[in-house]
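Shared between the two complexes below is subunit A, which pairs with subunit B and subunit C, respectively.
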Partner chain A sequence: MAEKNEKKQKPKKPKKPKHPFNWLSMLLFATMFQLISMMPVIFLSEEINIEVVGVFGGFILTEWLYFVCARWFAKQRATELEIIAFTLSGIGLVTVASVYPNYALKQFIAILIGLAAFIVLLAIMRNVEVISALRIPVAVAAVGLLCVNLVMAETINGALNWISLGSFSIQPSELVKVAFIFVGAATLEKLQSTHSLTRYLIFSLGCVGALFLMRDFGTALIFFATFLVIAFMRSGDIKTIGLISVAAVLGAGLIIYFKPYVASRFEAYRHVWEYANDGGFQQTRVLSYSASGGFFGLGIGEGRLRHIFASTTDLIFGVICEEWGLVVGFCVILCFAFVAVYALRLARHARSTVYSIAAVASAALLLVQLSLNVFGITDLLPLTGVTLPFISRGGTSMICSWALFAFIKSADIKTYPILEKQMEDK
Partner chain B sequence: MELDAIYDFAVEASRYLLAGLALLIIGSCVFSLVTRRFGTRVGSYLVEAKTKKRIPLTRWENSIGRSTTCDVILTTATVSRFHAVISKRRTGWVVADTNSRTGVFVNGEQIDKPVQLSHGDKVSFGTAMYEFFDVDVDDLEREKEKERRKQARVAARVPVRTGNEGVEFMPALIDEAAEKAYVIGCENCVVGRSPDCDIRLKYQTVSSEHAKVFKLGSGWFVEDLGSANGTKVNARFVTTGRRRLRDGDILSFGGAIFVFNEHYKVRKK
Partner chain C sequence: MNTVTKRAYVLLAIIIAFIAGVALLGVSFATEGGKWATSRVNGHLYSGGEIKSAGKILDRNGVVLAQSKDGERIYNSDKNIRKATLHTVGDTYGFIATGVHSICRDELTGYSFVDGIYTLINTGEGSNVELTIDAKLCAKAYDALDGKKGAVGVYNYKTGEIVCMVSAPSYDPENKPENMDSDDKYEAVYMNRLLSGLFTPGSTFKTVTTIAAIENIPDIQNREFECKGALATAQGGEIICNNTHGKISFGTALTKSCNSAYAEMGIQLGAGVLEKTASSMGFGKSFNVSGVNTAKSRFDLEGAVDIDIGWAAIGQYTTLVNPLHLLMIAGCIASDGSTPVPYFIEDDLHSVVGSIKSERLIQQATASQVKTMMRNNVINNYGDSKFPGMSFGGKTGTAQVAGEGSHAWFMGFSTDESFPYAIVVLAENGGGGSDVAVPIASKVMKELKNSL
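Up next is the complex of A and B:
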């Protein structure tokens, strides 16, 4: 009896709230999703492509390695963002490998570099002091990169934004996206003591102007939208931002008035069926083929949109809708919506305005880019030729997407368990 | 043929499985976002010097000023609209002046670059005076104080009383009316009016050699030495033999009344 009483009196360990979806189950879901999607690609051809199999194996191995390290060694307690990043990268990798098996390895290497950039940026973003010290060098480097781009870039697909480095080429405007947000983020102390947007406005004008000169209007629009978000978060000054927006619209009108060739790029907009065989070729194909996919798709490798030009870059969302189904396509959009909500919630409790601005601006940039891509190919917006983050083929775009996720993740105190512990111990 | 059928079935099933898994992944992410708690924790306080009113600093970076958009709104006229920022950094709490007109002073010195704040520092924004109060340090100090008191209590329990060095306890007869104590200095003590007695009582009713107070074993006793007016212990005459004395007993020699105190505090010689 006495023993029983003693047992009763023993203090119970506080039970952790039970979570039906822990990181391991989420990782298992993601892996299952990837394995199922990879199977048709591997068995599609008569001969099994060893390189593609190796790339898929490497991808899943990387994913597991990352999660095990992050959870067990780095003791991170929130890994939803990485689940999303790996799932989206997986969709992209499988689609690219199914259309162009030769590009699979390149895409996989891009994912690896992106992951490395993600980890490095997380380490840099740990301390506010380091960010403050790096802001000006990064701004100078970004402007320098754009200038170099203007001087020595090659024109590919109408835009002058590729620098060729030996066997591969990079797109500096993608890297500048990361720098743009990095420079835009500032501590509250900085924001409150300057109260002016002038310096950042000049930097932004430089970036957007260079992009206009490169005729990369899609990216220029993304930069402008991101600038508006950052400017609002920095100053909260709606009047100035309204003024800037009006000026931008007027400027764009002037450009179209004086340079009619710019407008000619948009002439098919809202009239794609009238230009079904020239200006609206891609949009009309996306609309009809993705509709034929239905809710659950035709099956990977069974679609016809894959034979259209730029099917793995600009039109990849159409390929996903056709072959993977509307449900998966919708989930891709939901993933970005989730990231945006996640960033907003993190921003309200971030350690500094640096993280709030960086996280919200990154989420906004990703959302704008997603909208331009998805609405562009479905003719709701003019087709501007921007990539779908994480999914489209392209190394620099992939690295940029991972880096933007690092900005969002760094706003989360759970990313830095050591920091969190230090704060509690002190 | 059969293999083909299985393959076709697998392809067909995979279409639905993919959609289901995609929904499951995004659903689990949304679930974990919804169930996650983003708590705010009060990091420190500013205590107003005059009113002792506490203003909590609930964020990692707190803007301080007269503007209503500030986290901490100070209504003093000398405070700028955006006066200063107090932020929690890796090294601790830091205050920075954000181009205010009247300046920020830490312990009376004006600051021109961010300055580390420690618990108890006096911070002034213009003429508004505050004391900085770090909750973590405050908790720590409270904890230390508690520990110190506990140790003191434990230490006090080991010897019977502390603070009694240089003091000894002796039996004594205490005249409460005259607030006078007669210490019983020997083990065989004669009480009486005569100057030869160990305890001399100058009362008319006390005989020259009235009674004897003596130690036997560990106890004290009183014995009447044939006095004229007799000796009483607790209002009863000691007639023959001796009577044991206990602490607080009332002794009467003739009409002179005393209280027996066995442990009377005497300064050591």
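Up next is the complex of A and C:
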């Protein structure tokens, strides 16, 4: 009896705060992680590379500036996506700087452009009318870009998906990814019309076909998967989508039948150890060095995968596992799963189907691309040579990653405090 | 609006598939990570295809057989020990696939799922691997083979520890000969003949036929055979004996190794019974010896006629035996028909639990009968002076090989409870079992007896 009374008399626990991790503590945590990971890179060589130190400083400054502005001036109440975007970009920047200090500045500029694209796209996405007005020009521009690409493409690593502009080279297919989702989501406002459906199908076919001609099968596959998601979202027609999938598989089969060299590119798949010095070269190195790192890694700069070709682009997940550890590596890829769940929640309560579709398609695209990258270099899937969003070295890929996050964020009414207020007033 | 937001769940399917992929990747790292991290492509461990950094390999007395110093792999300072233990220790290039350098890469590099190879990178040292072999005994056995190809194996049939494992030809890993591929002297030099070799057993196989006879022919101990220097079979052809033994009892038939008597027993038993006995004694089976799967001994009488069965019963025809398997049979005969599976790498399981897995190859009652017969064989044929103080039992073999000299064999065991060791000796194309193999066995067993 006495015990019971005592229990009753105990004071009530204070209510948990609504957000146990508020934005400031999250930002502080991210900054700490970044500073810790930057230290070994700065002291890697005997002489301290001033440029790298500047880039790291600039990155952290940008990060804080963004959050302060977003929170205090733009009245943003949900900044989880940005924290993830900055954390991932930071891991990529530090890894790239640790392998190629000379690329650090370029990568930082790419992050800045990505952030700018993120903000601009958020502004554009605010208004459905604007989206609607822009969709045709964007579609035309996307197809045009791919056509230009086809004509003046340079073959890099077997794929014809690069255009050189002076000292910069851009990968138009990355930009077209953004356009693809934009057009796909926008068209949907008029989904009853079969006319618009057909036009979107033609647009998609054009994009995937152009990528096939460029022999960029990985990106073609990403587009195709995204197309299926968008088509399902707009029509819910599983039969048609099944038919399209069957047709695509048959088409791929025909290509392999008539052009056996396509299949020969994938002959090492699931047999990488037998082709350890040709077709399975990259995969075996990724597996061997990633496993060498254990949970906590060999230390930044201590790895050997960094000396393998494409270590900071396609294989960067392996470098992170080897030097930062499997725990960080797996956290990175699970971040994207978190983002996808986040996108799903937003999509379910979005104020218009445009935003639902844009968010779902963006999250799906990111997951598919991530899977092709991570599972490709670890031989769970065929190696297709696509980049790891936010982390791989490369400007266009970075811009595309930020833009896709903008699509997800635009589905959140909290992004637009004024709109939110208007809706509440109604 | 509602339907479209419901369709958003398509993303959930993608997320689930993705998480499943991540889980699969994690499981792959947990289960295969050791193999991946220690593979030859890992530049942390290998340089120019050769392993550089790894822990020490030690024999049962702590003698260092291989270690890393200043990024180089160095072996024992004694050339004979280097050659005698080569197949057990293995080479740094991995040519010897059954060597410790290949099969213990995880341990040697100190790899663990949690730490990867962090310890090795930061301290330059992996974990040590301790072996059950005695390097000096191996060197003695290698000397005793005297340049002949072949194998010598000695193990404790109560615990399973292999104390001597030698395969010849061998080479000095610190001074590798250049012409090994073309020189016939180095035929199959990378193979550990004890674990991976298959050879015609000759008369050592009579132990198997003896066991089949004891278990399947009533009153076999009182049976008398007639040896006329050869046994003619019903369909024609004959199995030639080493002598004309005349009237000969079952027990004497083993001592004299009478082919006529054994061929007759084999034909009487028939292909089915012989095959069944051989199979229950481990023919057609591979044994896991410290992670190395031994070669499967072969006994196949499909489509065989009497003359084939007769030859097979005395260990000819298509019969092939793995030397370590024969060693296990010797161990089983000595110890009531079952034996722990031999091992040569000390591991936690063996040191804590003792022998993990036993193999019963012979029925208990049968084993003790054969043990007495083989003990008599040593007393009557080779003399206890060859194996002083060991109460030895054994059987020789002289296996005929088409176009080449006979293989000399000896399988034997001490019946002394306090010295529970069994031995197998093979000298390829070495000559007669009692002339060649018994003296080698004698030297090795004496050395072992003295060292304890």
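Everything below uses one rule, namely that the second predicted complex is superposed on the first by the 398 of 426 C-alpha atoms of A that agree within 3 Å, B and C clash if a C-alpha of one lies under 4 Å from a C-alpha of the other, contacts with A are read in each partner's own complex, and residues count from 1 in each chain.
Convention: contacts are C-beta pairs under 8 Å (C-beta built on N, C-alpha and C of every residue); 3 or more make two chains touch, one makes a residue touch a chain.
The structure presented is a predicted model; accordingly, all values stated were derived computationally and were not measured.
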**Prompt:** When the two structures are overlaid on chain A, which partner does A:Phe295 contact: first (subunit B), second (subunit C), both, or neither?
**Reply:** both
**Asked** Taking the superposition as given, does A:Ala85 touch the first partner, subunit B, the second, subunit C, both, or neither?
**Response** neither
**Message:** Is A:Met398 touching anything from subunit B or subunit C once the two structures are fitted on A? First, second, both or neither.
**Reply:** neither
**Message:** For A:Trp324, using the defined touch cut-off, is the partner it touches subunit B, subunit C, both, or neither? Pick first, second, both or neither.
**Reply:** first
**Prompt:** Which holds for A:Val341: it touches subunit B only (first), subunit C only (second), both, or neither?
**Reply:** both
**Asked** Looking at the overlay, does A:Ala186 come into contact with subunit B only (first), subunit C only (second), both, or neither?
**Response** neither
**Which superposed partner A:Ala364 touches (first subunit B, second subunit C, both, neither)** = second
**Prompt:** Touch check for A:Phe33: first (subunit B), second (subunit C), both, or neither?
**Reply:** first
**Message:** For A:Ala350, using the defined touch cut-off, is the partner it touches subunit B, subunit C, both, or neither? Pick first, second, both or neither.
**Reply:** both
**Request:** Could you tell me which stretches of subunit A are touched by subunit B in one complex and by subunit C in the other?
**Result:** 188, 236, 295-297, 334, 341, 348-350, 352-353
**Prompt:** Taking the complex as given, what residues does subunit A use to touch subunit C?
**Reply:** 188, 229, 232-234, 236, 273, 276, 284-285, 287-298, 302, 304, 307, 326, 330, 333-334, 336-337, 340-341, 343-344, 347-350, 352-353, 356-357, 359-360, 363-364, 367-368, 370-371, 374-375, 378, 380
**Complete:** Listed in rising order, subunit B residues that touch subunit A in their complex are 7, 10-12, 14-19, 21-26, 28-33, 35-36, 38-40, 60-61, 63, 65, 69, 82, 85, 87-90, 92, 96-99, 114, 136
**Item:** For the subunit A and subunit B complex, residues of the former touching the latter
**Value:** 17, 19-21, 25-26, 29-30, 32-33, 36-37, 39-40, 43, 78, 80, 83-84, 87, 127-129, 187-189, 192-193, 195, 236, 295-297, 299, 324-325, 327-328, 331, 334-335, 338, 341-342, 345-346, 348-353, 419, 422-423, 426
**Touch list for subunit C against partner subunit A, complex** = 1, 3-5, 7-12, 14-15, 18-19, 21-22, 24-26, 28-29, 32-34, 36-37, 39-44, 111-118, 121
